[in-house]
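Letters are used for the chains, namely A, B, C, D and E, taken in the order the chains are written, and counting of residues starts over at 1 for each.
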């Protein structure tokens, strides 16, 4: 059943050798329990009907665990395939649960945005979350559940899902801020000294924006689907919360578009400034050449060795030539000034 | 309840230390009352059922005030979050009120458009307005209500909302006019003397247009939603007024697009003019070089010190060389004229 | 009631001091009457129920006239505001009439398209038309009504409206033809001699197209609304006629797009041709420089004044140097030919 | 009734002096008759109820014929106007017939695509076709009807219409193939020798594509309307055939888009190759100049006529200078090699 | 019936002389049979009602076979035409079967993507597949059916169709990966040494992407139609599988768009780097020229042969000139350093 996975490298992730970590948090308004790192069978036996059961799986390389979870929760084979392979953000409805997969952004390293795929299965009284690697942004939130601050404890699994997605989307703002700062840095440089390196930096930012877009556009569509959910997995009162996350994603996309336009503007300025500098260089060359090439010709004339050159014999020949040349130079400079080449 | 606010800097505004100012205007066709700067509890106790109660809040940093208003008017936690954080223009329907948030443009300083977020909560007999800072464009309008000119006094809170939004949107025209004048100024300069600075000015105008677009596009969508409102907070007779504001925003967007196209055209002209000047400079260099480099070679020949150069001994050698060179120059000039390099 | 008009300059037109001219044409299949330049009250008293009453207002600066018409025909305050201010083409339905506003193009002066706003109010048995200035394209058509040629006399006010709009749209073709001819003129010039002026002309044509687009796109949407009219102001049999005008506008927009693409193509050719000429100039410079600079060096060698330069003493020194240089020149020319620089 | 035609030259075609040719083909499964070049009244009197009556009109300048046909078949005045003027492809439903107008492409002459407008009126038992000029691509198909090959004879007028449109659309492939070959020819040239002429050829191909697009996009929309026809003029069994023609047009548009992208790519290559050649030329100039200009300076030094220049007196002065210069040249060449300028 | 095929070369494939190969696989949960290379009549007589009958046709040039299959399965003449001609991917519903045609990608040879058209006819208990040439990617899958691994044997013909399409789409990933690698290779080269060849390679990749887009976009639309199938040929339980393939195609298109953006970015970098190198070359020329041209003029002065040039007689004339020139050089170098030309 697990056999069918995409063969192509861009589509499937090689298994790593980290350990898979299982964690279950169970709560309702009164009770709270947390169990970490226990075998999957034991974990399943502890599920409680009247509580929210949040099972988090860190690491996807031990298929046996996911198969067992899959059997217990009756997960569709295509759903498991989507969890295991690199998939675009999407929401899919099944009879017994909702399936959501999206990207959790980490940081920008070498102009590449590091991300991790996170998938959720939302049932009536449970939420499964599958992460590729250990480490997430839910630490503080787990404390909140435990300490019963906020309204999480009084609500169902759908609100838990909302909170987790909200935390993930909040983190997008951090990454986008970083991109914004990169743009500002490059902008300053481009105005000061536009080199090829600056241009390549602009291109790298464009690349980052391309990858962010790839994560955000399908996420928007997925969340839009959630806000119109009619399956009942998301309670009417919670719909508005997902609408709020949806708004944030729309806002993020909007900022993305703004950044894209700013980057294009930077490219235009870069090219224009480079051209302007080229023009300046050319002007210097032209000014120097047009002044000295004719003069060199004149002095060349009187360097000729003809026997009969009467000017050479004149006492005032030399000063006259020098003064004539000075006049030529003066005229040319006036011409260049008039042409605004200085 | 107030705890949840977006953590990222681009998304949340630091509290300032200005005082929060509360103001309430109450009116119907017969009566009018205005109370400013009174405690929030007192203000709430003065609300009257048969009048339009307009509560305006200047400054958002004292959360206790907003919380108290929130409790009295039963404002949703997400709504309060939207008031407090920097949000895109939007309209959202709630059971007991309509929520509208938009941007109030102030002016262009250093090619950055200054704006302020303003949010409205429209109930059956009240209108709450939340502004970031003191100072708005409603002064003259407040006088009108007081003096009972215009039709405001005879109508409900929805008409009040329309008037306020209309005043805000009118102000967009002023800002857009300013951008239009900037474009004209730059255009003149570009035709006269296209420098890198001019090009950067074009880019700055493009930036302004990007930011205006960010404010206007979601505003259009929000207003479109208002004109299709079926919740009853906006009376049937008032819908047409919101349709009118919607028309203005569509008109503004249209002007925005026109400005965008004009700016692109200016960029093209700028680049083209710079290139044409470069060509002109190159032509001067080429004309001077191609005339004098060969001549310099000729005079170089007769500057050689060979013992046996019969030409040097000829009486007519020098004049012949000079005349030959004059012919070469004349031929070249004719060639350049033919090639239209002058 | 008339007080509310947009304050911004781009949005409101200053009143002129021309006289406002009123004209009423009344007709049915049997009767015809025309009254011009009479007071508005008298005009209103002459309205006849069983005839088509076409009231045309030339000039909008005497508000009292429009107010009186507004009172009699029960015109909405927003509608009057739209007539008086510069508005995008649109159709709006009211309970007692249809409101249509559009642009009447006049001509192209200095690459600016002159236009005038014309608004219509279509009721069951009347048609009001409001023009900014005297002078329109309806003269010939007025004769037709009088002489009862064509089918106008046997039909209602909606058919009259169709005919007027049709005449206005026909005039768009004239303007677009003019733009088309401008493009052809510029095209020829660009192929022959691409200067900065030509480029600016292309930009001016682009500007014209931008302004035409601004008039045509909303007009298309407005007409599309008319063809789907269900208010009954337009009879079923007339819908097809408005559909025909709609087709013409779609055709105009299509031509506009074609012109836009042609203009972009011209810009590309212009830039490319300028670059090619630059290349040609550079080649001439390079050919002349690479031929003569080395030669000048060679003759420079034998212009040195060293005491011990055996070549200078040789009888064949001079001819040998000259022949060597001829060989160098010949070789270089062959190289340039091979490189296709000639 | 015929009076109303568009006044603008771009919109209306001048009448030619060719004769109008009328032809009627009548058939059902058993019978077949063809009558050509008979008066229009006689033709109308021959119409048969139980057969398919295909009346083809070659030439549109004799309005009396079209008026008579119009009266007999009750053709709407707007429809006749559309037949007579140059109209975009469209489908329009009338009570008694369907009206279809489209372009019949002929060939590409001087990079202009020659086409002819062809209009159809499809009734229950008749098909009218109006062509601008004599000559079409239906010759072979007429033979088929006569010889009763294919399934035409057993079907109604709607199938006849399908076959005619299919033949017209098939001909589009021929024209598009021609464009494809032009692109290949230009591509080869651009890779070999990118001149301004090549660039203009690319622009001409772009123009052809613009004109093809103008014919194809509205045709697609018109055919799409036919495939959703619910008027009953097209039988259910024939809908699929029109769907097939629709598919072909979609395919043609797809090829058009591909050609457009290829042409843009060619433009990019052209510009880039021209720039690269420019760079090459500049490098040659720079190499020659940077080698010989300093050398010329050195030999210039020893050409000075100072009385006291000790080097000039040295026996080894000349060879030393020559060797020094050789070293300079050698060093520069190494530098250029290092910079990859060769 | 077979007569009607598109006449144009781009639209119809010349028949080859390979042999047509027929193969039939029949299975249900218990039974399995395979027959290859038997006459078409015999094959038809072996069809079994209670099994899935998969008939695969390799090669389309023997029309008699397809005609016979067409007669038995009642295939529509337009459908047969679509199988035989080069058609865009599409899904079409018929009364007795579903028709699907798409492209099977093979590999990239000389920057051209090789593909083959594959068509399916899905009935209640049969699946016909038509391939242009021998050789496909189904070999392994045929073994699976035989060995009854996976769930194929327990399901109907619609699941078989899904598996085959899934295999074809999986192969798209391989091709797209190859394109991705080409982009990376070119990227490295462009950063290192941007030549015209590199630019042409980018263009070739763009071409590949254009051709991939042509295959993928209509495929997405076709699959989208399948997932909404209501004809009953695809069972409810299988719809989700087709949805999964649809997701993959959307993902592929998304990657395609990313690659397109990356390629555009590469073009920008290429052009910018070339320009920057040009600038560098120009700077070297300008530095050398502006240093040595004035110096050459100075030494030229003292090479003049005037009888009265007092400087020439001075003992310190020569050293003073040399030192002056050294100062000029030093000043210029400082100026260039200041201008950041080094």
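The criterion applied here is as follows: contacts are C-beta pairs under 8 Å (C-beta built on N, C-alpha and C of every residue); 3 or more make two chains touch, one makes a residue touch a chain.
Please read these numbers as outputs of a predicted model, since none were measured by experiment.
Once subunit B is ignored, the contact network of the remaining chains holds as one piece. Contact with both subunit A and subunit E is made by no chain of the assembly. Here the CA centre of subunit A is 42 Å from the CA centre of subunit D.
Measuring from the averaged C-alpha position of subunit C to that of subunit D gives a distance of 26 Å. Residue positions 275, 278, 282, 285, 289, 293, 296, 300, 303-305, 309 of subunit C are each in touch with at least two other chains. With the ring opened at subunit B and read toward subunit C, the chains come in the order B, C, D, E, A.
By the touch criterion stated above, subunit D contacts subunit C in their complex at residues 3-4, 6-11, 76, 78, 81, 87-88, 90, 92, 193, 195-196, 199-200, 203, 206-207, 210-211, 214, 218, 267, 270-271, 274-275, 277-278, 281-282, 284-285, 288-289, 292-293, 295-296, 299-300, 302-305, 309, 311-318, 321-322. Remark: subunit B residues 149-151, 170, 173-174, 176-177, 180, 191, 240-241, 243-244, 247-248, 250-251, 254-255, 258, 261-262, 265, 268-269, 272-273, 275-276, 278-279, 282-283, 285-286, 289-290, 293-294, 296-297, 300-301, 303-309, 340-341 touch subunit C in the complex.
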